[in-house]
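Chains here go by letter, A, B and C, matching the order in which they are written, and residues are numbered from 1 within each.
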Amino acid sequence: MKLKTVAKKVLSGAVIGAMVLSLTACGGGSSPDDTGSSSQEQEAQNTSDDTGSDESGESQESAKSDVTLKFQQWWGAELPDGYLDDIVAKYKEETGVTVELLTAPWADTKTAITAGATNGTIADIISVDGAWLAEFADMGIIADVEAAGVDTALASDIWEVEGTKYVVPVNNFAYPMYVNMDILEKAKVSEIPKTWTELIDACNKIKDAGYSAFALNLGTTNANGIQNVFGGTGWASGINLKDESGAYKTEGNEELASLAELFKTLYDNECLYPGMSTLEESEMTSNFAAGNCAFTLASAATMSQFTDINFEATTVPVKDGYEGESGICYASWAVGISEASANKEEAAKFINYLLGGLDGTDGSVAAGLAVEMSAFPNSTVAEPDYSAAPEQFQSFYELYKNCYVINEYIGLANASDVMTSMTNDLVLYLEGDLECDAMLTNWQGYLDEAGK
Amino acid sequence: MVGSYKRWIKVVLSILLIIGGIFAAFPILWMLCSSLKDNSAIFSWPPKFFDKTASLASYVAVFTDSMKVRFFINSYIVAGCVVIVTLFIGILAAYAFSRFDFPGKGVFNSLIVSVQAIPPIVLLIPYMGMIVALKLFNTYFALILTYLITTLPYCILMMTGYFNTLSKELDEAVMIDGGSRWRALWGVLVPISLPGMVSVGMYTFMQAWNEYLFALALTQTTEMRTVPIGINLLMGQHAYDWSQMMAMSVLGSIPVLILFIFFQKYFIAGMSSGGVKG
Amino acid sequence: MKLFGKKTTPYRYLLPTLILMIVFLVVPIIMVIRYSFVDKAVVSPDPDFVGLANYAELFADSSFWNAVSNTIIFVVVSVVAHLVIGMIFAMLLNSKYFSNGTKTIARVIYILPWVFTASVVAILWKLMLQPSGIINYLLSAFPQISRNTEWLSNKDLALAVICFINIWCGYPFYMISILAGLQGISGDLYESAAIDGATLTKSFLHITIPQLKPILISIAMLDFIWTLQSFNVIWMLTGGGPVQSTETLSIYIYKLAFQKVDYSMAGTAATVLLVVCVFIAIFYVRQQKKVRE
């Protein structure tokens, strides 16, 4: 009997102790440096035929060859399988530095980085979306890349917050206007609209022919339609949120009001794709790919998916009478270095490698990524060869050369929150529940508030 | 008279059964169809159940990607362990709640219920801090422990409920025969409670299999990721791979359904009622 | 010694649970409650103590009250519908009018909505409900519905649609629990009731419901708490939109924490939620006691 009670006590009481013990024991052994990734094994085989570029800092490199950099990104999920692994494998081969790829879904990379930063598990190199930039800088998550040793001459653009260079774009994705030529033909619209008046006309004809005309995504899971579609249409006609001094000026902004009225006209004419207030970018793109609407503004990266339709990629129609240069909205794959990283210099070297190779003159990595994703490299030395790209991309590329890229939301504090609030007001305005002036005044409030 | 009345009931019930079946299964049927189409066909109008693009390409893509297979294995390991540990610990606690009156019982009970109230998203950062401090970050244990904690309250409450429906005379009989409480619990109560355990186990498995937020934050390397993260990885920055997402979820649901089919004999009427009479 | 040992018996059975709960749940929860009394929690290394200022700010926020009212509608509708549908389906699947084969197949079909991860449920329904989706296509037999009919994007309908989807993916949990509970009810009870001439309705009300009561209360209360913080489905479907019409407390809190990076306010809202649930839990425990007595 007594033995039994003892056994019982041991069992019921100590189960948990044993569990916790075994957990900590196993965990301690495997957690931080558990890098037995398949790519690494591959590299081990490859090192034998390493012809190596052993001029410059080879001795220095080999002394540091046990460095492992963690690279938090979502690119691996977007690129063809193994593409990014090959880049880091080659990098290891050439420098001895291991870059471990940590891939998370795009929409949750911010959550993963924020949670990691507050708990000390953040990667060395992190990819940053324009909408997260200000918060990461504010929270001290990202470090000054220039100080870490990133060669700023290699990048045509570097994102700054209050004068400090924090994040380096690698690729820029332009947002062309896509046009479904079959729908245009069926609606007897002979030419791709070049001005707002032509756009409104074309949309009316398309609607009368029984098709949806223009897709505007105002869903708030990822509220980026206000930036990509609404903003993108404005920037093409030089309509900005900021005035010349660089301060946000939406209140009483006549140009912005005319842009809002354009969309209001499209909405009132029932030319906007139905379901706009929960439409997300991904659904909008897929709907365009399925031939459900005639026009949309979407990332050039999605172009390769439009296989079943006859489409063109072009610049956005401009406001009647506008003759200036057109701005094109863009999104980026951009990288920063985490403040908590113990290997900031090595991280900077890898970023330099992405932009300009080992010696700062070889832009092949950046160019390769750009061609693969139908993007434009931010590297000053990359010379992408788009000859294999879809012809629509090539014709867009010609138009793109006469434009400039712009995105006024990059670096905006609390960008996702501000964009959500702005989107909600825009929906109210389009549906007739809010006056245009009131909307622009609200926007001014959000934008000013966000800076504080 | 009675016969025609019964037939009427049967007809009405059958219609209900069919309507319920459509309600439950139609979306799943649509998922299955979507998983066989290519991405733009999923959005085409008019929608079709099958079209010329129908193929198993998405399934092949999942099976031939060693990383995705790894996600499935990880999810099995985690969910399997969670079910076993939750049931074991939960049954012990449920037994205490069901068979004893002791000081603090009400407090413990409300504690177990109310700690679930904090939205996981807020809990994430302090909780993750503890996991990192215990050096469990990026391990199976981090996930097992997390799901254990989230499923335990349900397990305890439900098992307490089931034990309460069983007469106390059952365990007293064992103890009169010289058995211990321990034996009364595992030898008598637990076998009778199998239907309850199966439903708790199913729920626990589902929770562990489908949880996303903590799996995202508590693991970091691709080798440790679970199925829901694999599915969300298909949601790209600009476009989703709808077809493969659907295929992966269909595949993810199959083991759960197999488990259910295997265990469903425990739901068949009369299976356990004999033992309950006490 | 023996007396002492007897007294500690229930605690020994509870020990593993208590250790886990206190270490891994109570401690983080206390940290969250602490957030609610400071400014710039998490973001700043040494935040200032601000007393109840966060609570004052929260209660003055109209978005918070909008979220509260959405949450109440969402939770009450979901829980009641779950209970009713779960009960009906469980009774159907337990009915003696169908053969075992039919019931076996039906059980598997009926459990289907339960086995998918929340984000997939959301995406599936979004695909079906989008303007060119299957729902509009099938329902276009009705003159009111066309390819342009909006479901989720209609401010007035969105919350109802969200409730419907949540009902769809949540009822199997009730069904399974009730079904398991039904097996525990002795057949003799029904037999003797039948001999006494009780109708089906009567035996349902006087035998089935009272016998299932402990289980019903438990699952309804758990479901209440879970639905209160249900996040993924709503977030993936609407992101709280259109124009905050589906913004529940969990969405509101998520936005505070991860869009505004304001953990102090997120912690404040979460603490309010916790207090509400503590009251529900106390009520539940009292109820359970009554049932047993």
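In the analysis below, contacts are C-beta pairs under 8 Å (C-beta built on N, C-alpha and C of every residue); 3 or more make two chains touch, one makes a residue touch a chain.
Computed from a predicted model, the values in this text were never measured in an experiment.
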Counting C-beta pairs in contact, does B-C beat A-B or the other way around? B-C
Which chain maximises the distance between its CA centroid and that of chain B? A
At what distance in angstrom does the C-alpha mean of chain B lie from that of chain A? 35
Gap in Å, rounded to a whole number, between the CA centres of chain C and chain B: 15
Do you know which chain C residues sit against two or more other chains? 13, 16, 20, 42, 130, 132, 147, 258
Going through chain A residue by residue, note those that touch at least 2 other chains and give them in order. 5, 12, 15-16, 111, 118, 283, 287, 290, 292
Multi-chain contacts only, two chains or more: what residues does chain B have there? 42-45, 89, 92, 125, 129, 145, 213, 232, 240, 242
Spell out the residues on chain A that touch chain B in their complex, using ranges where they run on. 1, 4-5, 8, 11-12, 15-16, 19, 23-24, 26-28, 30-32, 34-38, 70, 74, 77-78, 81, 100-108, 111-112, 115-116, 118-121, 123, 173, 281-283, 285-287, 289-292, 298-299, 301-302, 305-309, 331
Of chain B, residues touching chain C in the complex: 6, 9-10, 13-14, 16-17, 20-21, 23-25, 27-28, 30-31, 34, 42-47, 89-90, 92-93, 95-97, 99-100, 102, 105-106, 108-123, 125-127, 129-130, 145-146, 148-149, 152-154, 156-158, 160-162, 164-166, 181, 195-196, 198-199, 202-203, 206, 209-210, 212-213, 227-228, 231-232, 240, 242, 245-246, 249, 252-253, 256-257, 260-261, 264, 266-273, 276-277
Note which residues of chain C are touching chain A in the complex, please. 5, 12-13, 15-16, 19-20, 42-43, 126, 130-132, 147-153, 155, 158, 235-244, 255, 258-261
Of chain C, residues touching chain B in the complex: 7, 9-11, 13-14, 16-18, 20-21, 23-29, 31-32, 35, 42, 88-89, 92-98, 100, 102-104, 106-120, 123-125, 127-128, 130, 132-134, 137, 147, 168, 172-173, 176-177, 179-188, 211, 214-215, 218-219, 221-222, 225-226, 228-229, 231-232, 249-250, 253-254, 257-258, 263, 266-267, 270, 273-274, 276-278, 280-282, 284-285, 288-289, 292
Spell out the residues on chain A that touch chain C in their complex, using ranges where they run on. 5, 9, 12-13, 15-16, 110-111, 114, 118, 135, 138-139, 212, 218-223, 270, 273-279, 283, 287, 290, 292, 414, 416-417, 420, 423-424, 427-428, 431
